[in-house]
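Multiple structures follow.
Common to both upcoming complexes is subunit A, partnered first by subunit B, then by subunit C.
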Partner chain A sequence: MKQKSISLITIVVLFAVAAVMPAVLKQYHLNMLTEIIIFALYAVSYNLLLGYAGLLSFGHASFFGLAAFATAVSIINIPGLSIWNVILISVAVTTLAGFALGGLLLRHKGAYFALLTLAFNSILFAIATKWHSVTGGDDGLSITRPDLSLGFTTIPLASLTNFYYLTLVVLGLAIIFCWYFTKTAMGQTVLLMRENEDRMKFLGYNTNISRLILFTFSGAVAGLAGIFYTFHFQFVSISAISGDMSTTVLLIAFVGGTKKFWGPILGAFVYIILQNYLSDVTDRWPLVMGMIFVLMVLFVPGGLSDVITNLWHKFFGKKDDKDGKLTTAEEVRP
Partner chain B sequence: MSEFLVFFLHGLAYAGLLFLVSAGLTLVFGMMNVLNFAHAAMYMLGAYFSYTIVMQLTGQFWMSLMICPVILFVIGAVVERFLLRRVHRYGHVQELLLTFGLAYIITELVKWYWGNYPLAINVTGFLNGTVSIFGIIYPMYRIFIFVCAILVGGVMALVLYKTRLGIILRAAVNDSEMTNTLGVNVPLVFMGVFAFGAALSGFAGVIAGPLLSTFPGMAQEILLDAFVVIVVGGFGSLGGAILASLIIGELQSFGVLLFPKLSMALVYLLMAAVLIIKPSGLFGEES
Partner chain C sequence: MSDYLHIQNIHKDFSGLKVLTGVDFKVREKERHAVIGPNGAGKTTLFNIISGKFKPSSGAILLRGEDISGKPADVLNRHGLSRSFQITNVFQELSVFDNILTGVRSRHGLRYHFFRKPAMNRVLTEKTEAILEKVGLADVKDQPASSLSYGQQRALEIGITLSTEPELILLDEPTAGMTREETEHAIKMIDQVTAGLTLIIIEHDMDVVFSLADTISVLHYGTILVCDAPDKIRCDQRVKDAYLGEG
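Right, the complex of A and B next:
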């Protein structure tokens, strides 16, 4: 119970802080914060695969990019479509894609799975590049954000502040829902499957179905992030579905730490802020990012969240979890 | 008819290159269970070193063909000894991530040092000539690639199946722990194999330089094809790599001729089909 109330307080405080940000920050930084929220959700969805299920995917941009394109294409081709329907269509597309791809790919594990995700990402990238009439090919697609209709009133989203609040509410709730998902029986099943799949099978769980549901869910959430990516930049190019976008989410999740739910959120902050400042200082920021990544793989495999947790435990007297897995007692208990 | 022959020969040349890249990859995977994402980056390094040696320093293509594999061998040994071995205890995902990060860094370094644009490597003399095959004038260089692949494949097969070292290597592929228990210094074998794989990819890079252009995306390009080769051929199988290289090489070549729009997807479709019908690959063992 104590754990729960702490989490609740943290969430409320974070939302309150985020809510006053438009009054504090300049346009430029508010823009950055919006981007951080989008990438935080994207990385959280990725970590459901990597951190919780132990599935290493090199093709998460398939979903992110698919939704980004579905958003742009539906806004351009269906005039007068409301923002909710745009989101609905795009999430439906990625959910279906996640279900179909998951059905095909999840029969394989480990390196095979990683490879296959990479290959399918490449196929989608090739399609996006070649299918010029729909995706715009190398030129990309430009859109204007539709207004937000709430039934009784319409809020213009051309203003950054309004869009920021929409992003905060929708994606913030999505992140909380992901967190809730990991605490459900379903989420715990996935976690235990990673630890000992055979035992879960003996206990009567259908591990394949659980994994498929997780994969589909993760794809749909990544899709939601992709939708807001298109809304945010009011533009989508093939880079949204490229291997680079898959690499980015891997870097974010890993730098933040995959063992804790909030690791990827922290990672998104660090990554986007570093990207913004390092790219001012040097053109070589991907190199710096790559170095940080390799150093972390070598010395801090748990990522930043692990460093912080260990420091916390050191100063506040709790035993540090030696096995380095997500399954400390409090995390697994239903 | 002659058109088909030309495309068939193109396919053979590309198959040769693919084999040189994927042979090291499949050997390392078979033995160490590490899918080396940095493999293609080392191939790219080979090509760029070759550019510096041939175009800027000596002008001798043969020289780079000798030197680059040695440099890459050393790099491979260092990477295995000081980086890969450290993360081994954290498991395969961690190893995969490490090689992935290395590939990323190497690509960025290459962009930094050599620039983010294609560089041409020219060969001179005998290799720059043409030969006449069944009435077709065909570039000597592509024939040379295929011959190189046959030689390397032949030597590898001889070593693997006819020498004591080969017995140790095959034993380590099969069960590295047991081999270690029997008194073989398996960590040393791993280092050697990884370094050899890197040297082989460097060799392939030198050869690829004059054929394809040398640019920072060349690693990604061949990596996917090489992955398809080892998936189709079966992870860890040399024979599988040979057969799959030939299939993919010809498929790429005739794909461009017959279905220009689909050529990119054909290879992946083949891989998907193999994975659905026989997930362990053509020559792979059932796990």
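Right, the complex of A and C next:
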């Protein structure tokens, strides 16, 4: 019960702090914060695969990018489509794609699975590049954000502040649902499968179906992030569905740490801020990012969340006797 | 009593190596049936086939007349079959309570739910507590499984096996590696928790076998040498030659 109220307070405080940000931050920084929220959800969805199910995917941008394009294409081709229907269509597209792709790829494990996700991501990237009439190819697609219709009133989303609040509410709730999900029957099943899949089978769990459900869910959530990515930039290019975008989410998850639910959220903050700062300083920012990543993997394999947790335990008692191993299971336990 | 389980002429070979060459025996409902045999006789392979880990090369397994051979383990578990493992196979990082809860919630259909939290369900937690009480782990329920003593881990192994409320239990050497005292304690516990259930047990320890089993099958070089009541097995010359004589 105590744990529960701490979580609740944390959520309320974070939302409250986020809610006053438009009054505090300049447009430039509010822009960045919006981007951070989008990438936080993207990374959280990725960590459901990597951190919770132990599935290493190199093709998570398949879903992110597919939804980003579905959003742009539906806005351009269906005039007057409400924002909710755009979201609905794009999420439906990624859910179906996740189900189909998962059904094909999840027959394989480990490195084979990882390589197959990479291969499929490359195929989708090639399609996006070549299918000029729909995706705009190298030129990408420009859109205008539709207004937010709430039935009784319509809020224009052209203003960044309004769009920021929409992002905060919708994606914030999505992140909270993902967190809740890790404690539900399904979320726990996935976690336990990573612990001991063999035993799960002998306890009546269909592990193949569980993995497929998780993969589809994770894809749909990544899709939601992709939708807001297009809304945010009012533009989508093939980079949204590229291997780079898949690597980005891997980096974010690793920098933040995959063992804690909030690791990838922290990772998104650090990554986006660093990227913005470094790209102002030098054109060769990917090189610096790459070096930071290499150093992190070598010296802080648990990511920043691991460092913070260990420091916390050091200064506020309670020694981490498990050495950080499998803290997701520990954290997930209610 | 009718035949509850009929193992019918099961063959199994692993790329040419014939491990089981026509295993055939019947188990009555609520019987306690032991399978004994020297190392390498194919006992664990037989268990892996009955419990759905492997498919037999040929033969059938009839559970209440329905052929269940080759069905996957999770389907068989939902048919009321549950097994334990010779090498402790628990969720090491999880608390003892959560280990048991995993099976309990599976039995109650709470496997893939997106919204409900198993730990919040009173019925499930009460059933979990009851099983913990039965196998004597109620005092250590909040500890991670990895911190348990060997004997406690073996008890947890049985607790998990019981957690899906099976009708048919397969125990693979439940007392392997235990001291004499621990073994006696384990036999008593197994006897209690499997009351009213059909039990098939693989065991090396003859004290365990003779104190628990109603019927004993002797597996020797991939086939059943003899299947009879314990008293008769004890006197059987073939069994003595093949197995008991060695000890």
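Please note the rule applied: the second predicted complex is superposed on the first by the 323 of 334 C-alpha atoms of A that agree within 3 Å, B and C clash if a C-alpha of one lies under 4 Å from a C-alpha of the other, contacts with A are read in each partner's own complex, and residues count from 1 in each chain.
Assume a residue touches a chain if its C-beta (ideal position, glycine included) is under 8 Å from a C-beta of that chain, and two chains touch if they have at least 3 such contacts.
Since the structure is predicted, the reported quantities are computational estimates derived from the model, not experimental observations.
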item	value
Subunit B versus subunit C as contact partner of A:114, first or second or both or neither	first
Which of subunit B and subunit C A:308 touches, first, second, both or neither	neither
Contacts of A:189 with subunit B and subunit C, given as first, second, both or neither	second
First (subunit B), second (subunit C), both or neither touched by A:278	neither
Contacts of A:18 with subunit B and subunit C, given as first, second, both or neither	neither
Subunit B versus subunit C as contact partner of A:155, first or second or both or neither	neither
Subunit A residues contacted in one complex by subunit B, in the other by subunit C	none
Subunit A - residues contacting subunit B, complex	50, 54, 56, 58, 104, 107-108, 110-112, 114-116, 118-120, 122-123, 126-127, 130, 243, 247, 250, 254, 284, 286-287, 290-291, 293-294, 297-298, 301
Residue numbers on subunit B that touch subunit A, as the complex places them	29, 33, 35, 83, 86-87, 90, 92-94, 96-98, 100-102, 104-105, 108-109, 112, 220, 224, 227-228, 231, 235, 261, 264-265, 268, 271-272, 275-276, 279
Subunit A - residues contacting subunit C, complex	181, 183-186, 188-189, 192, 195-196, 198-207, 209-210, 213, 217, 322, 325-326, 329-330, 333-334
Interface residues, subunit C side, partner subunit A - complex	51-53, 72-74, 77-78, 82-83, 85, 89-95, 98, 102-103, 105-107, 110-120, 144, 160, 163-164
